[in-house]
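These notes open a run of structures that come right after.
Both complexes shown next keep chain A, but they swap its partner, so chain B is in the first and chain C is in the second.
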Partner chain A sequence: MITVENLSFSYTKNPFISGMSFSVSEGEIFGFLGPSGAGKSTLQKILIGMLRTYQGSCLVYGIECKNRTKNFYENIGVDFEFSTMYEKLTARENLRFFSSLYEKKPRPVDELLEMVGLGQDADKRVADYSKGMKSRLNFIKALLHDPVLLCLDEPTSGLDPANSRVMKNMILEEKAKGKTILLTTHNMQDAAELCDRVAFIVNGKICALDSPHNLIMSKGAAAVTYTWVGNGEHSASCPLEQISSDERLKSLIAENRLQSIHSSEPTLNDIFMDITGRTLL
Partner chain B sequence: MRLKKLFLLDMRFQAKYGFYFLYAVLTLIYIIVLFVLPENWKERAVAILIFSDPASMGLFFMGAIVLLEKSQHTTCALAVSPVHATEYVIAKVGSLSAISIVVAAILALAADTDNLHIVLFGTFISSVIFTLFGIIAATKIASLNQFILWTVPIEAVCFVPAILHLFKIIPAWCGYYPVNVCMDLVSGNFSSAIGFLGVAAMTVILFVLSRFCVLKMWDSMGGVKL
Partner chain C sequence: MKVIRLGFFQMAAAMRRDMMLFVSCFAPILAGFFFRFAIPFIEGALTDRFHITAIISPYYKLIDILFAMLPSTMFCFVSAMISLEERDEKTAVYLFITPLRKTGYIAARFGVPSVIAFLATIILLPVFKLTGLSPLTILLLAAGGTLQGMIVALLVLTISSNRLEGMAVTKLSTLTISGAVIPFFIKSDIQYVISPLPSFWIGKAILESRSFYMLPAFVLSAMWIWFLFKRYLRKI
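Now for the complex of A and B:
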């Protein structure tokens, strides 16, 4: 589906992306994670054929991105980080216009608007929309022509938890239909929840690439922390895989003296910081 | 059909931003001006009015249109859509030429101009040329001030010779200059086939250039100045 080999790109004389190689399978949600300015959006722009002065190879559906024609976009849906709508037109007018640009039969506009909770506001001018509403509208615009590849740049940015949930469910529905999804984000929770694999990008290079689960597990197992009372409150922890040999825990369970017990594992954010030495913001 | 959709969207866009209202008001003012002018001035006055406004509106309005599109990032949306630069350019030229022709027809009828069909054809071809100039300038700018600076040399090479030609201040051979041929047509006169060939050649060159500039603008949406 997507094969990137030895990709390098520069805005100036200094390299911005260098020596990147990876591949994305059909039906996979692949995440690009990294702090602002790391090269995530640039990489996505290369993959959607917007930046064509790169070195190396970048094949999407067997098409070298720098040689793409406009028909390339019949199968690609792009959700930019910012609104790309005509502000003085209504949401419905915008979606009808953009859907008319494709040869494929478009998905029903009203149905998409309802799915993201914008059915009531379909005839409102986009200029009067809030940031979150624009974000949802932008997302469904990318789905209009039922593309096989979706490129989403910070799709949940500016959304409240309820709408963020709706959006994530829709992304998972698209995956279930066999769509390939490229997700650019610095939201680790979204990435851990949605992505089959993630690439950590820092300073234009991939520092790590694996499934969120494998990345988390590779950096130490989960720990169990428990508390009990006896001459004051005490707490202790032990690695999950050694829980059966923790005599204190066994006796506390036998005596019903445990006050609390919970397991904890490193988050993707912890792993990112561990591998890259950077935070995401 | 994609071209038709782009054309209709451009017309709707222009209507929403008040272009049509503005031209309704301007047309009314121009008609009043034509009515108060002495009868023997009208012929040249209507030619100047049509040439300098409805026919050349594309040059001035294209800056505003493309800047608005850039500010709303719709150029990004079109850059990653199947829309071809050719379609984008034709839709812009067509939508602005349509309003040019309507306004020119009203002014020509108000002034009781002869050869209305030649006047309207001249308006159309002038509108195409000026709109293409407008696209070339608008794709390169990031602010209205920049656009105004870009249009100054275009105005100098287009308006000055045309006005001088209309008043026969410059030699007759200057009548082959494409913009002067347009001025002849807007005045209701078909000058020469050779002159018209020059206009056709200029239109083709400007079309190719404007298409190239649109492609460069779309590429620059990716963040690179090529």
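Now for the complex of A and C:
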């Protein structure tokens, strides 16, 4: 579906993206995680054919992105982080215009608007929409022509938890239909929940690439923390894989003196910091 | 072609919603009526009043030149304003990643309006002209005027970064048209200081009735457009 080999790109004389290689399978949700300015959006621009002066190879459906033709865009839906709507037009007018540019039969506009809770506001000018409403509208615009590849840039940014949930469910529904989804984000919870695999990008390079689960499990061992009472309240912790050799824990269990016990896995953000030495924000 | 047509219709719809832009498109017709009917009337009144044989009429050729540049300047101004708005709203960026792409967008925003401006000039100039321009001269003037309009639009788009700046830059950019005035008022060689402006050669061609002066006008226009277009492409 997507094969990137030895990709390099530069805005100036200094390389911005260098030696990047990865592949994305059909039907996969692939996340690009990294702090601002890491090269995530630039990479997305290359993949959608907006930046064509790159070195290396970047194949999307077997088409080299720099040589993309008109038909290339029939199969790609892009949700930018910012609003890309005509502010003076209503939501319905915007969606009708953009869907008319594709040869494919568009998905029903009203149905999409209802799905993101904008059915009642379909005839309202986009200029009067809130940030969250614009974000939802932007998202369904990317789905209008039923593309096989979706590029989503911070799709849940600016959304309340309920709408964020709706959006994430819709993303998972698209995946269930077999769509390939590229998710650019620095929201590690979204990435951990949605992505099959994630790539950590820092300074234009991929520092790690694996499933969120594997990344979490390979780097940070889960720890077990327990508390007990005995001459005051005490707490201790040990790595999960060494639990059987923790004599104190064994005796506390035998004596039935444990007050609480829980395990805690590191988050994707912890792993990101561990690998890159930087935070996601 | 279908996407270019749709892209152009979208621009036309945006123009209809904006009264200033809408009126701008009809300005050449209003100006045409003024030039064709009011100016000879004023000329008659002035010559009678001051007992002079001619006051404005020696400059009728200049008025015809300015009128020839008006439709394209207005149409290209409208398209530049809409493009700036699309840049502000980031809809242009989105259109580039639809089947319209950058090439279709440029065709819809500049190619189609320029062709319409050219045709409008060919239709309007014979109706409103004040002098006996030949069909060939009308054709050359329409072509020169269209190229001049493209230069104004590209200047606006490359220099300004939003609609407000665009309005200010438009006023300055239309000064490039003023080159046509120079040959009518400055007869010495100093007039050639303005010769890098294509409009200077258009003025010279019409004033001296020498069509071959249109050649440097076209060559210079092509150079201006090439230079500005490269800058515009870097900017979008």
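Everything that follows uses one rule, which is that the second predicted complex is superposed on the first by the 277 of 281 C-alpha atoms of A that agree within 3 Å, B and C clash if a C-alpha of one lies under 4 Å from a C-alpha of the other, contacts with A are read in each partner's own complex, and residues count from 1 in each chain.
We adopt the following convention: a contact is a pair of C-beta atoms (placed from the backbone, for glycine too) under 8 Å apart; a residue touches a chain by one contact, two chains touch by 3 or more.
Predicted model, so just to flag it, every value in this text is computed and none were measured.
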item	value
Clash or fit, chain B versus chain C on superposed chain A	clash
Touched partner set for A:Thr53, first chain B, second chain C, both or neither	first
Which superposed partner A:Ile253 touches (first chain B, second chain C, both, neither)	neither
Partner contacting more residues of chain A (chain B vs chain C)	B
First (chain B), second (chain C), both or neither touched by A:Thr42	first
Touched partner set for A:Ile76, first chain B, second chain C, both or neither	both
Partner chain in contact with A:Tyr11 - chain B first, chain C second, else both or neither	first
Which of chain B and chain C A:Ala222 touches, first, second, both or neither	neither
A:Ile63 touches, of chain B and chain C: first, second, both or neither?	neither
Footprint overlap on chain A, where chain B in one structure and chain C in the other make contact	48-50, 70-71, 73-74, 76, 78, 80, 82-88, 97-98, 100-103, 141
Partner chain A, residues of chain B touching it in the complex	2, 5-6, 9, 12-13, 16-17, 72-74, 76-77, 79-84, 218-219, 221-224, 226
Touch list for chain A against partner chain B, complex	11, 42, 45, 48-53, 70-71, 73-74, 76, 78, 80, 82-89, 93, 97-98, 100-103, 141
Contacting residues of chain C [partner chain A, same complex]	3, 6-7, 10, 14, 17, 89-91, 93-101, 104
Sites on chain A touched by chain C in the complex	48-50, 70-71, 73-74, 76, 78, 80, 82-88, 97-98, 100-103, 141
